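What follows is a set of structures to go through.
Two complexes follow with chain A in common, the first pairing it with chain B and the second with chain C.
And now, the complex of A and B:
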C-alpha cells in the first residue's frame, strides 16, 4: 500500500482537531471523525484500492475523486470500512455527466445527494429500510449519506456561501440514504428495474429536493390513495426532471392485494398529477403563459413514467407516501456496488 | 462560464452575464477554469420575474460591459 499524499496536520487533542475542521470549513458543521492514517488505510484496504486510484472523474470542474480523498471523507463522516464500497459506487454515480453534479450542487434549488441502496448489501451492513428509514438512528444510513455531503464540500468544492448557492438547502443535505425494503415489494426491485441482476447490489443517486410526506389516511383502494399522491405531486412544479415516490409497507400491502403493477402506479400518478394550461395560468404556477391549444392540455409534472421511481420503504405502520423531487436538468444514476 | 471558456480557447470573444448574487460562483468558476482574471458583466437580480421593458433596461445596463468584453 503506497503512502497518503494529503497534508498532515497534527493536533494536540480531539477538541483541537474539531476546532481546526470547523475553522477551515472542512465539514458540514457537525463534529467529524479525525481521519488518521490508520483509519484512512482501513477504508482503502477494505476496497483494495491504492490512495492515488481515481474512482471517478467529474468533467465540468475537472475534479478527480481519488480513493484517498473519498476514504478521508468517509472516515470523517463516521463510516465503517464495510460501507466504503457503497460510497465508492455513489461517487462513481454522481460523476456521470447526466447527473449534472456541478449544476445541482451549485444551484439555488438546494438539493442534496440521495443514495438509495438496493440489494443484499443493505442487510449485511445495516442500512435501514424499515421504521425511520429516512431519518436518524442507523449508522450506515447516517454516515454513507453524510460521506456524500462531505465529499461534495471537501473534495468537490461546493461550500456553503461559496459554490453552494442553495437558497434554503434542506436537512437531507447533511445526510440522505436509505435502502429499498425488498420484503414489502411485490415486483422487481429497483436494481433489476435499472438493468442489474437480482443478486447484485446497487446505489441509485438522486439530486434530491426536500421530501414531501403525503398522508393518505382512511384510503385503501390504490386509485383513492394514489389520487391524493398525484394531487400532491403537483406541488413539485411542472416540467420536473424526475421524482421518487416512496410507498410505505401499509400502502404496499394495499397495492399487492389489488394486484397493481409498478407501471400501473406510475401511469396513474402521471395522468392524475396534471393541471391544464388554463389552471396553471390562473394559479400563476407556470413557467410560461399558456396560450391556444395549451390552455386545455393537461400538463404533467414529469414528461414520462420513466421519470418516476417507485420504491417500497419505511416502517410497517402508517399509510404514508413520500415524494422526493429532483433538481431541474438531471438524471438519476444507478451503479453496481462492487462487493 | 464553461461555454465561454471553451469558445475563448478557440479565439472567439465572449461576454458572460451574471446577476449580482452569483458573482462569487462566477469568479470561482473562472478560477477553476484557469482564467482567474476573466472579465464578465454583473447585472441586477432577479431576471425571471421582469417585464419585457425591464429586461430591456437590464440589457442597457449590461451593454457597456458586454461591448468592452467583445471588442478587445
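And now, the complex of A and C:
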C-alpha cells in the first residue's frame, strides 16, 4: 500500500492530541479519536483502497475527496473499519452535482448531512432503525453521521464562522444517520424505490434541516393522522426542495391495516399540506410574491410527490411521525454501498 | 505537539491542500522531531483537504472607474437587483461610466454559468455583485 501523504503531528500524549485538534478547529467540538497511521490504514484496508484514490470529486470548490482524507475523518469520528463502505458511498452521494454540497455547506439555512441507510448492511454493522433510531446510543449511527460532519468541516472546509454561515445550525449537524426498518414497511424499501435491487444496500443523503416530531395521538385512521402530519408540514415553510416523512412502526401498522400505498400517503400529504398564495403573502416578508389567480391557489410545501420520501423507522411504541425538510435546490442522492 | 515533515516529496495536490487549510487557521510551526519518543507519544494525521482550483488571487483594481464598463451581477435574491441599481447610481454620480451591463445568475444557490462569467469578463472592466433579501 502506498504511503499516507497527510501532515503528521506528534503529540506528547492522548490529551495533548485532543487539545491540538480542538485548538486547530479540526472537529465538531467533541473529543476525537486520534487518527493514527495504523487506524487509518485499517479503514483503507477494509475497503481495499489506496490512500490517493479519489472517492469523489466535488466540482464547485474543486475538492477531491481522497480515500486517505475520508479515512482520517472516519477514524476521528469513531467509526469501525466496517462502517467505511457506508461513509464512502455517502461521500460519493454528497459530491454529485444535484446535491449542491457547496451551497448547502455555506448557507444560513444551516443544514446537516442526513444519511439514511437501506438494506442488509444496516443489521450487519449495527445501524439502529428501531427505538431511538434518530437519537443517541448506537455507535454506527453516531459515528457514520459524525464522519460526514467531520468530512464536511475538515476535508471540504465548511468551518463554523468561516465557510459555514448557519444562522442556527441544529443538533443533526453533529451526526444524523439512521436505517430504514425493513421489518415494519408494507411496501418496497427505499433502495428499491430509488432503482436498486432489494439485495443491495444503499445510502440516501439529504441536506437536512432539523427534524420536526409530529404527535398524532389517538388517531388510527390514515386520513386522520396524516391530516395532522400534512398540517405540520406547512411549518417547514417555503424553499424546501424535498422532505422526509418518517413514520413510526405504530403508524405503519395503521397504514398497513388500511391498505394505503406509499404513493397514496404522499398524494394525501402533498394535497393537504398547502397554503394559499394570499396566506403566504400575509405570513412572509415578500408580500407581493403571489398575485392574481395565485392568491387563492393552494401552494404545497414541495412541488410534487417525487420530492417526498416516506420511510418506516423507530421504536414499536408511539404514534409519531418525523418531518425533515431538505434545503432548497438540493436533490437527495442515493448510492449503492459496495460491500 | 510537533509537525513532522513527510519523508517523501508531497504531490502537488497536497501542497495546494495545505495552503488552503492554513488560510483559515493558525499555522502549525514546524519543529524538529524528537528522536527520543516518549512512551505516551502518538503521531496523528491532518484531516484537512483542499481545492484543486488554482488560486488566482484578487484582480488588480483600477485607479478610476471613469470610462469603464461596469457589470452588475445579481444572485437573484429578492432585492439584489434593487441594491445593485442603487450602487450603480452612486457610482455613476462619481464617475463617468461608459456602460452598465446587467446579469442575473438566476439563483443564489448555484454558481453563475461559465458562459455568463466569460461574457462579463469579456465585456466589462469591473463587475459588482450583491446579495439582498
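Descriptive notes on the structure:
Quick note on the criterion: the second predicted complex is superposed on the first by the 332 of 339 C-alpha atoms of A that agree within 3 Å, B and C clash if a C-alpha of one lies under 4 Å from a C-alpha of the other, contacts with A are read in each partner's own complex, and residues count from 1 in each chain.
Everything below uses one rule, namely that a residue touches a chain if its C-beta (ideal position, glycine included) is under 8 Å from a C-beta of that chain, and two chains touch if they have at least 3 such contacts.
Only a predicted model underlies this, so the values are computations on that prediction, with no experimental measurement involved.
Superposition of the two structures on chain A leads chain B and chain C into a clash.
Touching more residues of chain A than its counterpart among chain B and chain C is C. In the superposition on chain A, contact is made by A:165 with chain B only, not with chain C. Once chain A of one complex is fitted onto chain A of the other, the partner contacts of A:199 are absent, as it touches neither chain B nor chain C.
In the superposition on chain A, A:61 makes contact with both chain B and chain C.
Applying the stated contact rule after C-alpha superposition, one finds that A:218 touches neither chain B nor chain C. When the two structures are aligned on the shared chain, A:37 is found in touch with chain C, with no touch to chain B.
Judged by the touch definition given at the top, the superposed model places A:25 against chain C, while chain B stays out of reach. When the two complexes are overlaid on their common chain A, residue A:16 makes contact with chain C while staying clear of chain B.
In the superposed model, A:8 lies in contact with chain C only, and not with chain B. When both complexes are aligned on chain A, the segment of chain C among 6-14, 96-104 or 114-122 whose C-alpha atoms clash with chain B is 114-122. For the contact definition in use here, the residues of chain A common to its chain B contact set and its chain C contact set are 60-62, 157, 162-163.
Contacts from chain A toward chain B in the complex involve residues 60-62, 106, 157, 161-163, 165. The residues of chain C lying in touch with chain A in their complex are 1-4, 6-8, 10-11, 13-14, 18, 20-21, 24-26, 28, 33-34, 37-38, 40-53, 78, 107-111, 133. Chain contact summary for the complex, chain B toward chain A: residues 2, 21-22, 24-25, 28, 32.
The touching residues of chain A, counted against chain C in their complex, run 3-14, 16-17, 20, 23-26, 34-37, 40, 52, 60-66, 68-69, 72-73, 76, 100, 102-103, 107, 150, 154-157, 159, 162-163, 285-286, 328-329.
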